[in-house]
Amino acid sequence: MDNLALKELLYKIADDQLILGHRNSEWTGMGPLLEEDIAFSSMAQDKIGQSHALYSILHELGEQDPDTIAFTRNAEQFHNCILTELPNGEYDFSLMRHFFYDTAEIIRFDMLTVSSYKPLAELAVKVRAELRYHTLHANTWIKQLGNATEESIARLQRSLDHALPYALGIFEESPYEKQLIADGIFEGEVALMENWKNRVEEIIEQTQLHLPGWSTLNPVYGGRSGKHSEHLQPLLDEMSEVFKIDPGAEW
Amino acid sequence: MNSLDPRVNRLPQVGQPEHVEPKAPLDQFGTFEVFVQPKEGKPFQHEGIVHAPNLEMAFVLAKEAFTRRFQCVSLYVVDTRNVYVSAMTEGNQSVFELIHDTPEQPGEKESYEIFFLTKRGKQHIHIGSVTAATPGEALTLTAKDYKTDKIIYNVWAIRTNDIRFTKPEEQELWLTLPEKKFRDASAYKAGDKLKDFLEKVNN
Amino acid sequence: MYGGGNTFEGIKTDSLAQEDPVKLAEFETRIERGEKIEPTDWMPQLYRKQLIRMIEQHAHSEIIGALPEGTWITRAPGFKRKLSLMAKVQDEVGHAQLLYSAAETLGKSREEMINDLITGKSKYSNIFNYPAFTWADSCFISWLVDAGAIVNQLANAKGSYGPYCRALDRICAEESFHLKYGHHCVIYLATGTEKQRQMFQEALNRWWPPMMHFFGPSDKISAHTEVLMKWKVKMSSNDDMRNQFLDMYVPKIWELGFTIPDPLLKKNTDTGRWEYTEPDWQEFKRVINGDGPCNKERLEVRRVAEERGRWVREALKTPKATYVTPLA
């Protein structure tokens, strides 16, 4: 088994969770309803916790400790897809991103429960359980707002159109794709994406929203190889602001 | 807005500054009563309410509002309007002394979930179910089927079909709850650090 | 938990003359026996009004209090601090949710309460009208503002109104880690580098005066609330709570080698009471009436949050819905 392939896989999933967890946490205290504020915060906590668990596996594999990995790298060292780093926008965008992303993640972790790399397979069972709530939450909201008023449908449609090319960026292939598949670590981004498209169609069909033809879309790639939008570095600066006051200190 | 809070600086301008559009009635929706089962084998108990637009959303929102912190294995919710409430008693008077005997009612029988309040100031606990045609009949049957020496101060009856239960495949929603140690006071031990510090200062 | 320093208006007890004397006597005997009052029970108008006011202020304090700490979530140093702070601030929003519900059982809808908050008609804990400049400020809030609130809330949990007591019991249980987390953070600053110690000392200097205001005006000048004490709405006097807080936390602050910015602060060993420089009650009044460093921003953020969420709520409003008072 080649660690480079495995590490690349772990880094990109962990970075996704870390960055989206931070974005979602920005809604704390500002959500559209008190109850929803609480729910969104829980999912943000889950994501941060999941990234920590993945960085811990990386640490076992010889990488630096989770705090160092998470809070001292620069944007070009991050492997998250660009979808996760985009600013929150209005609630419709945050919700649509959450729907696209978590639909992909529950399938990904479902696949990883049978990974030949045991620590990841064991973790995947737990992560999948948490994602069960995330997708229940996302599907419920999308179905409701996607069938409600003219305004809510129009807002969701705009966000869907905007987010979809970025969402396809989740599945940007790694240079190690064949190896991961051959070693039984992960079934690969193509298999994941096909599954994801079906699942997304299944939910969107139950709404008054429309999916553009998949072939008409240009996926936004780059994130997986460290080429990010202008939004990531300022977020990373914010995340490390306190650390940087006194780098030798324990907080 | 020029704020110390970076999130606030990112907020868009909405409407006229300082102009406040008052909330219309039902802006926060109606309410749903939330019941939680803390452990396998323990009865469900009433925990509180959530505001939500409908039953399904109430379930989704209640999950984090009421079961993110303490042990939980199952959850259900019901529209507040679908809870039939008996009179409330106090002192040594049991509520069953006030429930008139409702004769058997015509119509289709349905299952009702029954909840007892055994101590004023505490929460209602699920006690079992009865099959009746009306809520009144359900209370009468409860008095017979769940006879007890304890004083019951208040009874709730809810049609089983009005409840959004946890589905079997949703049971795993609480799988990792016990691992979220950052929500436990026991995760914050700094006694040794403090002791070392004090020793250094006092020497 | 953020309650504390509730402001009560002067009570005109002559309004009680309109209440049914038999029912009033029964109500008071029940409270004396230590029984809880439930939403469907008879209660004097004054009791209902004052409770709504108090619980609502408490709820507003939670939701506004989530702002100065919430700003530190993205910046919290490291996984451990970040997860704790996220869960803590989330709890505060949850407490607002619980407290609004308790107040609703008394007949005021959540819509009305939020309206009164964002128009500035209702108050919230004055301490949140001050800014959190550094990470150390957020640690001060997590440890000492929460500690102050716990003093207040543990007392109120023994009050007479069932739904409020149940909400507070739950809140106190959820809180158990907040104070520990805050203390843990401050111990790390105190035992850390010179820069970290200085950060906390500066935060302490900034927050001490509002902390002394937190429990409300001194008993000498505050409104008379005897009837509220008798009805177990208000459970302890402002000065008693302040004294209890000082008793519990001043030694812990001193233990860490920090200086509290009040040269007169000391415990009188004869009376067992703390002595301190009289807090500036003019400043307290000025800030609570809107002229503090952050009043404007706090309310504006709430207004913007409500405004941005409006389309979501309007979309899901069902025409057939009707509001009934929640049960308990």
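As written, the chains take the letters A, B and C, and residue 1 is the first residue of each chain.
FYI, a residue touches a chain if its C-beta (ideal position, glycine included) is under 8 Å from a C-beta of that chain, and two chains touch if they have at least 3 such contacts.
What you are looking at is a predicted structure, and each value in this text was computed from that prediction instead of being measured.
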Of all chains, the one whose CA centroid lies most distant from that of chain B is A
Larger contact count among B-C and A-C belongs to B-C
So, in whole Å, the Cα centroid of chain A is separated from that of chain B by 31
So, in whole Å, the Cα centroid of chain B is separated from that of chain C by 24
Cα centroid separation, chain A vs chain C, in Å, comes to 37
Chain B touches at least 2 other chains through residues 6-7, 11-12, 28-29, 50-51, 53-54, 57, 65, 68, 180
Touching at least 2 other chains, the residues of chain C are 67, 70, 74-75, 83, 87, 90, 94, 97, 188, 301, 304, 308, 310, 313-314, 316
Residues of chain A that touch two or more other chains sit at 26, 30, 33-35, 38, 41-42, 45, 49, 90, 144, 238
Counting only contacts in the complex, chain B reaches chain A at residues 6-7, 10-12, 28-29, 50-54, 56-57, 60-65, 68, 169-170, 172-173, 175-176, 179-180
Chain A residues touching chain C in their complex are 22, 25-26, 28-35, 37-38, 41-42, 44-45, 48-49, 52, 66-67, 70-71, 90-91, 144-145, 148-149, 151-152, 155, 235, 238-239, 241-243, 245-246, 248-251
In the complex, chain B touches chain C at residues 1, 3-8, 11-12, 14-15, 17-18, 20-31, 33, 46-51, 53-54, 57, 65, 68-70, 80-81, 83, 85, 88, 90, 120-124, 156, 180, 182-185, 187-190, 193-194, 196-198, 201
So, in the complex, the side of chain A touching chain B is made of residues 26, 30, 33-36, 38-39, 41-42, 45, 49, 87-88, 90, 126, 128-130, 132-133, 136-137, 140-141, 144, 238
The residues of chain C that touch chain A in their complex are 63, 66-67, 70, 73-79, 81-83, 86-87, 89-90, 93-94, 96-97, 100, 135, 185, 188-189, 192-193, 195-196, 199, 301, 304-305, 308-316
